[in-house]
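Given below, in the form of structure tokens, are the structures.
Next come two complexes built around subunit A: one with subunit B, the other with subunit C.
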Partner chain A sequence: MSPLLRTALQVFLSLLFAPFAWGLIRFLKSQLSGRSGVSPFVSYAQIIAGFRKENLIPPMSSWAFTGTPYVVLAASVFLVFSLPLMTLGGWASPFSQFLVFIGVLALADTFRIFGAIDAGGVIGGMGASRQMVITALSLPTLVLIFSAYALKAGTTTIDGMLMSGLTPFGQPFLLLVVIAFILIALAENGRYPVDNPETSLELTMIGEALTFSYSGPYLAMLEYAAMIRLLVFMMLLANMIFPFGLLLPNGSFQSILVMILCTLLKISIAAGLTALLESTIAKMRFYRLQEYLASAFFIALAGLALVLVTEQIL
Partner chain B sequence: MSLKNLLSHLPSVVVVEDRTDICSASVKREHFTGALDELVNCRTLAKTTTALYSLGLALSHLYVTDERKAHGVFVVHALLHDDTAASWLHLFTELPGDDPTYPSATLFIMNAQWFERYNADMFGVIPLDHPDLRRLAHHANMPFDVHPLRKDFLQGTELESEDIPYPVRQVTGEGVHEIGIGPVHHRVAESVHYRLSTTGERIMALEVKPFFKHKGVEKLVEGRKPIDALPFLERLGGDSAISHALAFSQAIESVEETVVSQRSRGIRSFLNECERVIMHVEDLSNIAGIGAGYNGMKRGFLLKERLMTAAEAFCGNRFLRGLIVPGGIARDVTDKEVEALRDVFVDVIDDMTTYAKRALHSDGLRDRLELCGVLKKDVAKVYGAVGLVARASGVDRDVRRDHPYAAYDRFEPRVITHVSGDAFARFKLRADELIDSRRLLIDLSAHLGGGEAKVPCHPALGLGVSAAESGRGEMLYAVHMKDGLLERVAIRGASFSNWPLLHELIPTSVLSDFPLCCRSLGLSVAGSDL
Partner chain C sequence: MNAFSPENLLSIAFLGTFICGFVCLLSPLRHADRLSLALLTFFALMGSVAAGVVAFGGKTALVLPVFVQSLPFFFHMTLGLDRLSAIFFVLINVTAATCALFGLRYLTKHAYLYHARPTGFHFAAALFGFQGILLSTTLIGFLFFLEITALATFFLVMSSRSAPSRSAAFKYFLVMQVSAGALLAGLFMLADGGVLGSFSSLSVIVGTLSPIRLTVASLCLLLGFALRSGLAPFHGWIKSVEEVAPTHVLPLLTLANILVSVYLFLRTVLFPLHGAPVWLSFALIACGLITGALGALLGGVSEKMKEIVSYDTIKNSGVMFALLGTALLAAQLSLSALANATLLALFLLIFSHTFIKAGLLLAAGVVTDETHALSLEGMGGLARRMPRLSVLFAILALAVVGLPPSGAYLSAWAFTEAILQEALVIPVLYGSLFTLTLSALFFTSGLSLFTAVKLFSGAFLGRPCSLGAENASEPANGYLLPILALTLLGSVTGVFSPQIFSVLGVGALIKNAGTFYPAFVFGASSFAPAGFFVIFLLILVLVIAFGLLFASTSKRRMQAPWNGGEPLTPRMEYSATAFASPLRYFFRFFLALRPRRVMTVTALVTTNPWFTSKAFRHEAEPAWHKALAPSFWKAQKVLSGVLFGLQTGNVQVYVAMMLLTLTACILFAL
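Right, the complex of A and B next:
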């Protein structure tokens, strides 16, 4: 199969599965708290309904407000386009440089913050100040995480890192890196214990506060972008731990089926674990987030140190 | 030492009537504030009276009646509670109808401030030198100089819609950010406006305004028979039908000191405990929900639903309405019905206790709750905090024990207090009180007592005062009867006393703790915005 076809397939499936993954977490969380919960497919309806609604734009806002949904959505689409989520060695794999990945995340976060401040709303400004703290503390940790990986794998593309076949079971440093990555993934996607994506209390919001002034199609775009980003982190994490079920360059048409099944399995496991985590722990006080993010940083640093030490010895 | 003896030390006060539960005394308006100050703060009385009173009485209610038709005066009434003798001191003063002013009591007694602002709104009775006489209960659309509780204001008058902004206190300076929330909220939250001034995450000042949906119930019930007024009062607070009905019925009974049967008293206490359990289960779920996550909250709500379904099976509605009437209970319930209700409640309390224990062992939740919204004991006293909130700060006061009503003289509740006064103490206290309610429910259902369900109770003239302890705190009713009809019903919901506490708790705390502080106080808007 040609790399272009495989990349196209990955983009298509990611965009298709993203709302499902999001809805699945919500559904499983309801189940765990003893409610029947809404179907995981409701998030598709949520996106479609958003596009049909009126788009209200605050009168004082500028291009930063209107541009944000496009930038954020484009950033998310770029991630599913370039990263090895379902296929290795895809057409766009050279773009999966880890610094590009982190840069695109930073771009999206920056624009979300711009959009929130630009609307001039009270809650948006509050959410922006909180998101700045989280982004500023979590992205450097991502640099450390992938630096450690890159050193060991001898390549700076995430595609190449997964191709190298390193697993946390054979490489202890990777275990630390994966733990740090989980902590950062929760923070970057606004999940527990950093943020509560389902909160309706204005004063405790972070992620929701950023989209507070958006409505209709723009809100749907931002929500869709968040769903895609969640899927990206889920799949990356799953592939780091279990790099199987990925579509390889020499893959047959049968392996497409295997890939789809494995993807759904990975999504289900990741969603189940997220839901379990969110049902059992309390949200952290905002002032304790530095401790949380600093621990992620030092775990990643330990992983990097371990790589450097073992490289020296061997 | 009785209240009468105490008052004899105050030369300006004349005792008018001395009953076992209420001691009424009149005072001239220029001495009114002085006498209140003396009774509450004990400036010189402490030297002359016994140690029992050296701590002073506490102001429970300050309300006005319009008696211009009969005597050409407004009367300002103060209710002070005397816990040692289980009685109320009713101190009143007359103000001429054309000059309804008196020296403000707020200068000496902090918790008089909302009462005086409310009276200024509703009657135009002006406390002179009040430090903050902005409108309290009237919102922006209400014209100036409209005083709905005056007798010459007719029910159903169409008013012009004005737009008078409420002068919110503002904090200015570099980096100060003002956040206004409400009065329209998401979901089914009640209408409250919060104005927060923050620097970063830290809150510097708060202004809270819960009065947006004034229902005018005090006006609605005037001129009705007590039994006709009851449905309005039961629906005042939504979830507090029993405590409203109980406090009101007892106040009516106290006018002519009607004695109700042992059995109806037993059932009243039983129902009172049931309502407290429902409120505690709801509050525990809400606090856990905000602190930890929706998981604990939904489980708790499921339990609350079981309680409310059981209540519906018991009396035909989910809120236990229509059971308590002046003179006893509306219909006699069989022991079997009571036992069926008890079994559900005991079962739910056991489940909730397990959840609460699990929550108390969760590090994450404890971290959120501990040191969140600390209310110190002296502050709680000065603000006149009532109920569970005051007890969590170490104020040892519970109307069920201090002014025993219904069957609480036979079955004394265990009054539990905590010292830390934070959200954690309020959470734990609710869980502790559930366990005591479980004991009371079992004891009460086993010994309901005998007697007929209802005795006739049709008082013609006089004043009745009574309080009932709801899950939120003390509901206080003062009822003035005239010709067998209600002349004035002055209601002080528990939340009316506890709302101002937010002004003390919120500044210095951080933004994300704000919802938790509010929830842990368990405030109700409907119950204070009458």
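Right, the complex of A and C next:
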């Protein structure tokens, strides 16, 4: 199967599974708290309904408000286009470099913040300020995480890192890297303990505050982009720990089926663990996040130092 | 010789710049100042084209014709360009040309504030000095032009004749003279007293010097570079100068000085001085990283627009010197691949930063002008009032922090690739040092992203927070065109950098990736910025098309956001100060020494804690300033006032001052 076809398949499946992954976490959280919860597939209806609604535009807003949903969604689509989520050696694998990944994440975050502030409301600015601090402090940690991985794998493309077959089981130092990645993934996707994605309390909002002034199709686009981003992090983490079930360059028709099944399995496990985590821990106060983000930074730095030392001394 | 040969064009441009100043000062024409700026634009561009032949073309060097060098005021110095100086010549001259173009409108509009003729003369003299620095092939020539520049820019800083501008000018003058003295002393020692010799002779002499002399010379040079490029703790002058100087000369005052420092470092230290003490590399890396982090952090918590931009300049200066230190260390350790890659990263940053920051400085000047506000607290909502400028500003702000595919991003990419490929094959101590440098640089980048977002969103988004912001309108084309030109140049140097750098002698690191566009290549990794740009743009177009086809994006209604039951006013909006409060809280220990706001709360009755009297105090001057140097600052204010009195427009006074400062410098160095 050609690289272009495999990449197209990955993009299609990622865009298809993203609302499911989001809905599954919500469903499992409800189950864990003793409620029946809504079906995981309601997310699809939510997005489609959003696309059909009317847009409410704040009178003081500018091109930044209307342009934001497009840029944020395009950034998310670029991530599923370039990263090795379901296939290795895809057509856009040269762009799976970790600095491109981090740069595109930063671009999306920046525009989300622009959109929130441009509405001129009382909540958007507060959320923007908080999100900006999280972004500013978590992106350097992501660089350290992938630098440690890259040192060991000998390549800076995430595609190449996964191809190298390194796992935390075979390389214990990667355990630190994976822990730091989990911490940052939770922060970047606005999950517990950093943020509550389902809160209706304005004063504690971070991610929700950014989309507070959006409605209709623009809100649907932003929510869809957030779902895709969550799927990206889930799949990257799953592939870092279990780099199997990925479609390879010489993959057959059967391997496509295996890949789809493995992807669904990975999504289910990641969603289950996220739901479990969110049901068992409390949200952290915002002004304690410095400890959380600093911990992630130093864990990643320790991972990096461990690679340097183990590779050169041992 | 062909009349349009690069040598002739360069000579005409150089002498033309010199003459422009006198046209502005002495011409009886009514609009001589405007004519001078227009001519300056022309000559700067002409000079860029001639230097471009060496920088990007087949020629390896240019020497000015003998008749130019034998002119009396050049003292028979050899003047010419090689590839290194030609690159810097192009950067400074293109930036100066756009600034002069901007100045055409700026000086007309601000005729009440600036004397157009002396300002035009000083501008031309400063550019002439910078051109001369790059054309000099001898140490003494370099120092001669350095003094011309220092003097001309000194008067430019105090163009507005206000007390703060005089104070800033004096501070600037002091910094430049001490820097020149330190550089002169360092170069004297390196050249073993023979300052009439050429730069190329340095590497021969350096090998014969004793370790003590080499160490002292390195210390002097480090001090000179740190002062001139605003490394911590000597960064104060950049902030004070950018706050008071006329907008159109800001890029020359700050960026050109930093560029000259980097150029001189490459010329005198990196290339001939591989045998320099290793501590010099460590010191440079440490100074660079501390300056970078300090600039990014202080930028994040500042509220004044020009102050934020200044801190970003300081941050970038720090990053450049951290890269220079790394390149020097790599060269000392004989890691040629790492040294070359770090130099590539440095040049990518320099190219991008020069144009982007110049654009940002000009745009910030326009915004403060249009809104009559210095602080972000008095701006807001400008994206609706000036949509074209807001788009340019957004591009500039995002490019300056290094989002892909900007030049700053590529610089970070190249540096990361080089470090990660070398870290495991060098001793673990150095490997750790390089990776720590990398971590610190990305930590700085994260903070810098915060600053850029705050800068753009505070000024352009949300509601107008003052009458000035409410009544602001799109600036005239005379302002927009130079900013547009710099934005385009900054973007092109990022997106098409492999093409540009393939002609700059780093062809080995670039290849045709085959699939997309020419790419930078390190080992197995490659990155094609144009390819990334095209793909992202295509995806964006597809998403927009999807939105137009399948979503009801055209169904829209104006509706103010939810306001919690209260009418929404700009004062209720999240302010720029509040935006930075998490950052201020997270880094409170590092920010303890800077100017601060103090709220004193006194209980009015003992029985009820809610009845209080609140007093607010803003300590504009840091505590250590007040404690350590009150008399020094008073004296400098008096002295700056005296020096201001000399700004008469009289050429003889300028020449006398130049000779005086040159003599003082030589005495200091000796």
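Remarks
Keep this in mind: the second predicted complex is superposed on the first by the 313 of 314 C-alpha atoms of A that agree within 3 Å, B and C clash if a C-alpha of one lies under 4 Å from a C-alpha of the other, contacts with A are read in each partner's own complex, and residues count from 1 in each chain.
One rule holds in what follows: a contact is a pair of C-beta atoms (placed from the backbone, for glycine too) under 8 Å apart; a residue touches a chain by one contact, two chains touch by 3 or more.
Note that this is a predicted model, so its numbers are computed, not measured.
Of the two partner chains placed by superposition, A:Gln31 touches none, neither subunit B nor subunit C. Once the two complexes are laid over each other on the shared chain, residue contacts for A:Glu54 go to subunit C alone; subunit B is not touched. With both structures placed on the common chain, the touch criterion links A:Ser129 to subunit B and to subunit C. By the document's definition of touching, of the two partners only subunit C reaches A:Leu151; subunit B does not. In the superposed model, A:Ala220 makes contact with subunit C only, not with subunit B. Once the two complexes are overlaid on the shared chain, A:Tyr287 sits against subunit B and subunit C alike. Contact comparison for subunit A: of subunit B and subunit C, C touches the greater number of residues.
By the touch criterion defined above, A:Thr167 lies against neither subunit B nor subunit C after alignment on the C-alpha atoms of chain A. Once the two complexes are overlaid on the shared chain, A:Tyr192 sits against subunit B while remaining clear of subunit C. Touch criterion met: A:Ala305 reaches subunit C, while subunit B stays clear of it. Touching of subunit A by both subunit B and subunit C, each in its own complex, is seen for residues 122-123, 125-126, 129-130, 202, 286-287. Partner subunit A is touched in their complex by these residues of subunit B: 177-181, 186-187, 198, 200-201, 290-299, 302, 362-365, 367-368, 510-515.
Within the complex formed with subunit B, the residues of subunit A that make contact are 29, 32-35, 122-123, 125-126, 129-130, 192-193, 196, 198, 200-204, 278-288. Interface of subunit C with subunit A (complex): residues 381, 383-384, 387, 390-391, 394, 398, 402-404, 409, 412-413, 416-417, 420, 423-424, 427-428, 431-432, 435, 438-439, 442-443, 445-447, 449-450, 453-454, 456-457, 460-463, 513, 515-516, 519, 524-528, 531-532, 535-536, 539-540, 542-544, 547, 550-553, 555-564, 568, 572-575, 578-583, 585-586.
Residues of subunit A that touch subunit C in their complex: 51-64, 69-71, 73-74, 77-78, 81, 92, 94-95, 97, 99-100, 103-104, 106-107, 110, 113-114, 117-126, 128-130, 132-133, 135-140, 143-144, 147, 150-151, 154-157, 160, 202, 212-213, 216-218, 220-221, 286-287, 290, 301, 304-305, 308-309, 311-313.
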